[in-house]
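What follows are several structures.
Both of the next two complexes hold chain A, though its partner changes from chain B to chain C.
On to the complex of A and B.
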């Protein structure tokens, strides 16, 4: 999570207008002192002020700052272009090495000396430079040997950089050459602070920093002889690493890991912070987590938990990346014998600093999610819930992130959801709506946390509705931010899982539906999918006429979207139409089919996606349920639908698809004689064909739902006292159905067993 | 199904919850959309009376031992139209719900008196007496025991002169889908029997529909 680059408050009293300040930064006539002042002012103006940051970003201020840093950097290396380039390439080699090249730290830190030498006039200064490097701290102590080992390389570079100050433009001389190292260093320090500040907490800023080449330039400055420069540069890099635009660090390169460990082992907060930020930003795969747990990085981070506030926070965040979804790595550090570590983290949830409390909670949630064996104590769970509920009201970014952490804590965990409910969770989150309507990120998190609370427990849904939560949903469905709209739809989707309230038509109101329908075509895909989730539930209505839904125009929209090129949209549309078809009246069914058409429905049954096929068949199953007359739909147009069902049965489709196909046949077979014969014709196209019928194969399926569905189909075909039953029984006996049903008498699925028993009884009765 | 209002009061007893036993398996005849019809005997000392009853299952969540639906009473003397109520059911799964009600004014004694009216409860009786049935494995038992509690009137107001204060002890047969029940309300006639059979709605066979919540 980004933080402010510095605590110095911006001064408003002497503030220059942005264009004027930028002119001071870019003018070639300005002296270094003037540029330094401009950098300082820029830094003070943008710190903690996103609006002003954006204003300067529009004026391309980042590039201007990067240019100044480049001039300082270049000037310190060479005034001869070819020599300069060689020196530059050395540093670049180091940078590439550390962040991806195989020849990393060893050569890289040899290059450090090359770089250090770039700031001085002759080789004697190299020694001084190296002393300075040594003074930077532990990070460079271990590489002194490397540096010394590469003195030859350094001397090669030095041959090219004899005449500092010559061959560069006026501004180079002015900024870098006209003043001593001290001034240049201060310029670099201020420039790095400005860059870090631009990258901090604002995507546009971080993007501009990356595009202007600031990241690479700062990496080149890392091995600087001046400790203060290294500190400032590390701080800026740390902030860049907190953005999503920073490149990923390759932990799998051994030398990179050595470099990272050097950073973490340093006593300096910004160097350890940089190391931790690199881990937080880049550690994603199990392999990376394992490397970090095997090479001492994790142990060091655990030690840093007892360090300064910044080190603690950075460590908590990095450890969460290392443990996330990795039971093996998590167990290694928090398993038996490491109870103290866990207690330390639990203690940090009581820390004075809200951010530390939040990060400690997040780490504990990550540990619990990696292995539910940890943190089973109910008191710890209650503590986490309480801390997070309190943090939602934090005025800063912690308050924005707290509901997301709460969401992760309670997601898919009914026990914790119940604890959160008992802690008045629904009331406390609903109370936040009015307070934080103007904070989109927090609003999004609150809706997601409420969505998780209402995902399984009816008591939470009831409380949400009692607190008029739907009013907030109605308000937020039209929010400017797509993330808020999506979160609102997800919350609505989970609340509308309440069959009790669906039955009471609590959600079937025109306002809600009219707000939701446009979201099915929202420009944001995640909003579309989330809106489908809510609509899908709301249209479940056990009343046959479904007046409100039909009047709303939802059928036309869903029918149109069922032809989408996107399979997820097709799937969701068909599923919603299936729900709408549930227990529908004849008129309602007709209206749906008029929009959808038989040919589209046939295409959907034969869709390329099995999930769409399954839903389309399930829709047909509902279509032929209810009034016997509705079965005629599948016989229309030369049995268009029935033939599509047949194709699915013959195609050896997935079990889920077959289950629905067999239920379609079962429902058709529950009709009159004509319907039963149509099904017989479908499953036994040639009466004399003694080959094993598709039905026999389905009875042998491993899927109990499929065996049960076939059982019902056979029951319907062999029902006593129907004129055609004898012939059908004969056909079924001929293909060996009796022995198959007999085998199912001990089916492990009771439902399948009981249907087989009934079907067997009916077949035997007729045979006898 | 609503019954006539009479006054009285009985203390309730808390039920014990556990996570030990295996729940009943899903049964297609007890799935959303399925309908049942039959009668409820509401006879009292004055006269014999039975109301025709239709039931439709609207929701079923075995994980939470939850079932719900509507109940329609067709020939209620004091109502102009059939009276429809929405009910919620607790499935006795020994995980979410035990044989002991612990609420709605039912004592353990009331529970036992009612459950023992179902012949299919007899094999379970001994274990229920030992530990309330907490250790019973109901996963392959062909009967599902439930309590149905009416929650609200769907098509009439609460001032219709009828009450839904009581609840049903119910037993569902997985084999044929028949449901037997006994209405319990300390203020109403005791042991009003509910008898329902799975219906086909004019079809020559069984039909099944479905919906899917996201």
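On to the complex of A and C.
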């Protein structure tokens, strides 16, 4: 035994360095016992220790383990079981035989199920080739007879084998002599535990496990006659399915569904856990949800809600993925006549185990979001809010996830937001900041929950500001985790929706702006977009000089980003500039235009994205609003801007774009005679052209916003006591505007109706 | 003591409005409460199983026919882990836990940290300073980087190394047996939870409920009270 000299078995106090341990795993000459010891040491080194896992991942340890398992597999199985489906097929035949019958034997004789394999290798050969379940069952019936005969011997062996399972001391060698397969099985059990541990809670590990082919190998090992092996392999597969790297399970294949149901129907926790994890991981589409609800999987999960702790939690999680956004499936199981099911889930929100409480809350939120008909009772809503607020303080992962669930519960639902506010929600979440500054995931969730609370209700925003919430925002904007920065910006965006505080210039503070500006160019896209959301609101500030904003250099940054290749960034920077332009002074407008330039603005009006066009036109609308002098901008450089507006009007653009274009014209038309004439020139290029004018088409539009906008434009063009009004009215009458306006006086839209009345009156007055 | 008179007066006033229940009446009421023997047996079995008295549980099963809600073999394994921690063999305990269920320590970072911390404490206790320092640096420091709370606990533990007589240093209590017991009971609870078993026995919480209920009842009535929980003897009310 050449290996024993180079790699001594580990003593209890020292552990082998990674490269040495790995050599022991990969040395081909090593006997199976020494490999088993090495595997076991690897397992004990990596469990619970992400740093160590990473160290072994760098040494390609997963591949080494897979190679060892492959040997065990090939020795055990001569059949070519390739491909998932055949693998599943193969399993389903065995599952019934192994999990059903042998378990019965096992129960009668204590731990026999593990030992049957020692006597019945021939059974495996028979069982392997057979898809016919009954035959397998029959074979096992024979086994039962055998086992009974051997039961005394079995009991003698039993203790030894138990030691293999627990101590793995020197007994292994002894047992290995008589029971080669036992060592092999224990190797598989240890190897599966190592693979499962690598995949558990570590993305790099799960990825390596998939790349090394461990997943497929484990699937092939599932139909194993030794129940302990099946248990260990199922546990490893379950852990892999809990990572995002596991392949998607195809529920739409009938064989796969059969296999899944077999897993779920088993009593063993790791098998049901694997089934549930498969659903949680892979169920995404409506069709998949439907299949799972039609084939009995959902019923079984509902039964498992009354199972063990692990089964309960796994069921809650997979039920959430089956019900998510699917009203039909949801009402099938919790609808009329199934009220008890809902009450059971509500009861689980009071469970002792925090994770169960959280998962029950999440499932209820999913049910409510799938169909708002459910969970209307105010008491249940209050209960959910209370449970989730308490869970935020759980010390583990539950505490990290609770604020996200809270956010899902209250987002877009003003009633629940009010309930959360009444439950002192803003205070309770703000209290968390100091406590959990060092827990980024939780901090992110808390900011998101606060963002949702402040999304609609002014009382929440006021309370947040009164509690000096902005101080926490200032602190978190510079957080080193992108997710926290993004969540902080989203929270700030919603808080800054407060018109009252915007008018009081509460948000125009230099620290805030200086921290936000770099985030507009953050390396994380989601932070960039979220920062724009906040900036967009803050710059609305109604102070005409906008000194703080201008001094900060925000305009230069926004002007630069408005040329971005990414349309979302372009859209957001133009929107921010538009808001900055809102009620700005002449100097301020000039400064913005100087940075942005007329030519950039012109190309933004003609952008490839309609949403950008709309915001760019809206920016021009704000530019020409207010002082008459500012209207001159549209006439500058040979009417560069006005021509761009004209192009949009003629291009049959989207209604949203047209609305803004018409408002630009309306604002220009509110200026002096020169301005009004420029607009007339634009909408009636040739005076004698009796073709239907663009303006008439717009008046006939189905979009009431557009009809209203044109109404305003006509009012401004026909204002009485202006020298050119008479000529303009004549032109307008010639194209039939009077009858169009008359029609509009019965408009469904009150706004459009009122504008039409005024314009009609002014036109008629002049005509007379 | 100017206030004592007032207090007595209040107690007297309350006592006078209380309903008095005589011993006979009380016992008659107690007799009317039907409790199934099987339920009582289950309660006892639950206590034996949770606390890990495997031999007693086996005996109790054979005498009463009460089936434990857990495989008794797992109690032996669990007790072996607990014993290993209590006797300072933390590494042994960790290996045993991993054999029992490899998921426990992978999904419970706090427990894993406490076990590693206990290992560090044992190294310091045995005077293996260099090994302790290396262990703290390699195994515990990375956990401290991930979690501020762990870092504080690690710092507190390392303080032991700075004192010649560690037992008399400000964090000397870490070397107490109580620290081992604390860690052992944390592992015990985690194993129980992983076996879907409640981590605390039902009996003590039932007794707590009894005390609470008696205190509540004291406000309204005078009745034969149970003051000594170990004998559960009814004591006549002071009227």
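For the reader, a short list of remarks on this structure follows.
Note that in this section the second predicted complex is superposed on the first by the 636 of 768 C-alpha atoms of A that agree within 3 Å, B and C clash if a C-alpha of one lies under 4 Å from a C-alpha of the other, contacts with A are read in each partner's own complex, and residues count from 1 in each chain.
As a working rule, a residue touches a chain if its C-beta (ideal position, glycine included) is under 8 Å from a C-beta of that chain, and two chains touch if they have at least 3 such contacts.
Bear in mind the structure is a predicted one, so any value in this text is a computation, not a measurement.
Annotation for the three-chain superposition on chain A: chain B and chain C fit side by side. When the two complexes are overlaid on their common chain A, residue A:287 makes contact with neither chain B nor chain C. After overlaying the two complexes on the shared chain, residue contacts for A:745 are found with neither chain B nor chain C. Looking at the shared chain after the overlay, A:719 reaches chain B, while chain C stays out of its contact range.
With both structures placed on the common chain, the touch criterion links A:308 to chain C but leaves chain B unconnected. In the superposition on chain A, A:670 contacts chain B only, with no contact to chain C.
In the superposed pair of complexes, A:594 makes contact with neither chain B nor chain C. In this overlay, which is a superposition and not a single complex, chain B and chain C have their closest Cα atoms 35 Å apart. Taken together, the two structures place no residue of chain A in contact with chain B in one case and with chain C in the other. For chain A in complex with chain C, the touching residues are 12-13, 40, 43-44, 47-51, 165-166, 193, 196-197, 200-201, 235, 239, 269, 308-311, 352-353, 395-396, 438.
By the touch rule above, chain B contacts chain A in their complex via residues 25-28, 32-33, 56, 58-59, 61, 64, 66, 68, 70, 86, 88, 139-140, 142, 151-152, 174-175, 200-214. The residues of chain C lying in touch with chain A in their complex are 77, 91-92, 94-96, 98-99, 102-103, 105-110, 112, 139, 142, 146-149, 193-194, 196, 198. Taken in their complex, chain A has these residues touching chain B: 456, 458, 493, 496-497, 499-500, 503-504, 532-533, 536-537, 540, 542, 575, 578-579, 582-583, 618, 621-622, 624-628, 663, 666-667, 669-673, 676, 708, 712, 715-716, 719, 722, 749-751, 754-755, 757-758.
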